């Protein structure tokens, strides 16, 4: 937990704030230089631009520009049948595609009123938590890279390869998973997949502990991150922060607990919260969430119920291939579903899941047609990034870069 | 150490006449080999494919085996521009600018469906392939390509580099190609 | 106080009157109600300030275009959340397409800034009082608002697509 | 000076220059290999056997890459920058004693290029000039990232030079000479300065990292913030020279550290070995040759340490780096001088009665 | 040999010094100033004063001029300094007068100078060496040396304190 | 921070210890292209148009795959099977041309799922290779249809 006395001293934060206020008072100094950070700066990972007004190394003002990879998800979604939107969601937060897939599927299931069997729900939970781990892995290790410690990144990247192995065994792809179907999973967990998950649960804690050992209590890293890019809980709420970034400020809002979906209520886990909302707290919260995710996976893996891996909903869920080849009825359903002519009811639903980055919401308006009438994504990155200016002003250039990595703003999700 | 290397194809020595202490080859080939084994990439990663490039840099695939592990984020120092991910229309001019800033010899690899053709994003805001703005040497399909495929693309560039004339950038064909893209 | 759709609606109607809070229903457990653009800010402010409700979290904002609804073609959806009570509600405002003007929400929620810019970019909503209402995702030179239903997914004027094979 | 010695000196200087270039070249290779091994990878292995031709491939590529001078850059200074960096780096290895004397026939050959009596000051002065290469290059590029890198380099080098000099003074107090040769000779056998100056060594080590711009002090060229800092705009061999200069500097600094604190070419039981031979000349030569090997082993150990640290630690932030230099290292170095002075006084008090 | 070297370095020194003044770009001025320091150090070496030569380079070329360049870089960012100096008639007249006065003073001073001829028999070639320098400093000039040392210590402590204050903590 | 943490060095030493441990560890690298990494059996790689057990093409050009393709990468033209072609095409309708644009394709597997005849598959053992020209990525039937003899061995 981030709130225990292990966190760095509060006076360091106070020092940082005093310092910042002091420097901002000198803002009348007209000798500012303009520095164009991005859109191809190495630390912007994805692509966004920041035009910084600098006084020496201190950032006085920042004007963010986004939209460099705007891909018109929402417009495309209005032109595609429901099941073809899953590949689109893959490409939003590509660090944790399964969460996006599942979130979207759950939204449509909510619209269609399908009940999902327990086994499918548990499989989903395992996959979503694996995705969360891989998301946090990237975020925290990239934080290390941006602060100059490259090696830890490669250590945890090896573990991410193992997560990808599991994905591959479940859905046949590594990154853009297109995992699951409306109404469940597309196939059951194979014995190999189960074996891989078991292996992962055994091996990963050691690697993660090692990674933590390399960075967490290293004073250089602490100095670099404590007090950097801090935001208060009030401002964070005003900016609609969710997820780890909100929890780092001390607000224990987590969709998995507040609105449990996919039987998250069955599992025991804690929500780590920070205190100061700075980069170090975000890092700690993510670290701890990885441990909690492991706990959830372990529980789901141990208690994986027997049963079907998909809902019994022939109107929406593709019949098994073997039946398609043989039975006429299945073939008709098959054609209808593939052509996108499922009888979606009129209505509107909002469903949100706890994405790797925060509350990932899907607002779906259906007019009964074969495509959504309107599908709006509540993209947490879009929300975080607008607070970025406020978080970096008064800090140094190096702070701005660490703040960006610790916010885990992913361009694909930001620009939609 | 030695067992690590047992199954590895060395960069082949250039063809030449080898005799006792005598090894003649055309100078260009040597330089071509040098270039091929020292391709510093500029990872222009905008989205998903960038994550797979991270995996390519990672321990499992290890792009450094090809001498390409030094990512040069400064275009001046890079040899290949790896465009990975969706290039929106807003981004197009930036890609072109980066390409213009690169020093010769330069190669461009379009990695992934989005960079090569726009892929799934056939929408008003996405450039349908970066060969609209810069000349592309190698296309790598996939969405995203596996790291193996990215390495494949890199090896294609190595083949190009090995067999290319030193004076490529002075050739009229090359000038015409650049002119067709409106690059000075 | 346990917040239910009924008592919240009752409270709001008592405050703002039947004529300003209408079309309330819950399609997916989240209460959805419609108000007018004159009242939207006051309503959200009331929800924010009220001690019992404490609806102090703006989840998202989304524009919707209904070309068939004459006089109320454009809809702005505000989804709010009371973290204290874990209670969500959805507020809609309809405006005509030729007059898509709404008051800005940026004075209450900082998050509304970019959401409104996005809505402007996609649908052409004009938010009065917004500090910096410019396009956010698309290039400034774009002449239309792409999410409106009458515009196709692809840019018709463009010449950069050469795959003649494809497209339905 | 008779002509044999003159010719010998010429050859020796060329050899040292060649060796430092060779070591710098292969440092790039070892850096990549060590980084790879630390990160569970295998590193370059396709250019030649085990990738041994990798540095040549890099050099070949850099030589034939397009020379690029930015339009608004100051052309002359832009070219001058890497030149200065390279020149200064190559100059500094002249006064380092790589070994004791070799006796061939009647003549004895000192394994040191120039034995000036201010050797330490020479190195110190030359190394302090290295920053000009970075500053001029960074400024002349007319790029804000480069400029920031140049400014960082300048302030960092000045700040850390102070602490470095102060930590040196303690060594000088022990040795009573500025000549590296004398300092090396004093540390016979296992009587290395590190036993007397652990704190001083630590300060010197940290400052050495800062002076060579290595992680955790690689702010002037930090990739994540400045995209390469002062060399952002450089392409082709001019970039190569900057990278080269960095590795030569590492080599020189490693050599200086081995000389000052780790007994240069001295190794334990060298006297026993020397006495084991009947022929004193042969004994001397054998010890000298082993000594040279020992010296290079120490240098390589330090180079390895530099790389090991680079791939482990995060880097500092600009203000923290300055704070570390001014608020921690300088007071510590002064304290170290006081302690050393006190120690010498006590020692003399007890030995001389 | 020594004499020709002397003349070579002397002329180089003068040339560099003149270039410092007439360079339009201040950065070039600084670089020429650094070169001037080098040539002066060369003179020191000719005088067998290696310590002074090294210290001259370390202190002036290695530290002070870096600061000069540092400041110039800050001022110079992006702006073209050339041509911003105003060259009106008044400045020219003032320059001529000042230069003429300086020239007069130099001529007046040098008029009566006789070159000292060191006696090779009594000349001590080791006079510029570190040991002798140290001996002189610690005997003849003990008091001023100690005073300067205290001064330096004070300034260093001051620098450290200033560095500390920036962190926002209170000192003293 | 505790005192030892304030001193920088213990944490640094710990970090150095970890990295040196990895220095001697077995390397995780797979020497592609000499070695290839094991892929899962359901990996979605390069497309193939399957033949049935008699060697006849399974595809009937129903167009479901083209409809299901979110990237619109599949086109085909259907033709009527003539007499005497029974050994070539399984059903009465067959695809005269069948083209997949590998650059557009996102390898999502929806076509495989949509196919009612088990004709199109994304195979696990082949990846779409990198090429120099854009035109080479339009995969026609010549490159998609599974060669005849492999059906027997497989």
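Some notes on this structure:
Which chain is which? They are A, B, C, D, E and F, in the order written, and residues in each are numbered from 1.
Just so it is clear, a residue touches a chain if its C-beta (ideal position, glycine included) is under 8 Å from a C-beta of that chain, and two chains touch if they have at least 3 such contacts.
What you see is a predicted model; the values in this text were computed from it and never measured.
Among the other chains, E has the CA centre that is most remote from the centre of subunit A.
Using the mean of the Cα atoms as each chain's centre, the chain most removed from subunit C is E. Computed centre separation for the pair subunit C/subunit F is 42 angstrom, with centres defined by C-alpha atoms. A straight line joining the Cα centres of subunit B and subunit C is 45 Å long. Note on chain placement: the centre of subunit B and the centre of subunit E lie 52 Å apart, centres being C-alpha means.
Mean C-alpha positions place subunit C and subunit D at a centre distance of 64 Å.
Multi-chain contact residues of subunit D, defined as those touching 2 or more other chains: 35, 38-42, 144, 223, 227, 311-313, 319. Shown for subunit E are the residues that touch two or more other chains, namely 77-78, 166-167. Taken residue by residue, subunit A touches two or more other chains at 33, 41-42, 67, 70, 72, 75-76, 87-88, 90, 151, 154-155, 158, 176, 214, 218, 220, 415, whereas all remaining positions touch fewer. On subunit C, the positions that touch subunit B within their shared complex are 137-139, 146, 151-155, 158, 160-163, 166-167.
Of all residues in subunit F, those touching subunit D in their complex are 12, 15-16, 18-20, 22-23, 25-29, 31. Residues 27-28, 30, 32, 56-60, 62, 64-65, 77, 79, 83, 86, 88, 90, 109-111, 113-114, 118, 122, 135-139, 146-147, 149, 153 of subunit C are the ones that touch subunit A when the two sit in their complex.
Only residues 25, 27, 31, 34, 50-51, 54-55, 57-58, 61-63, 66-67, 69-70, 73-74, 76-78, 129-130, 153, 156, 159-160, 163-164, 166-167 of subunit E touch subunit D when the two sit together in their complex. Note for the complex: subunit B touches subunit F at residues 4, 7-9, 59-62, 65, 109, 113, 116-120, 122, 129, 131, 136-143, 145-149, 151-153, 155-156, 160.
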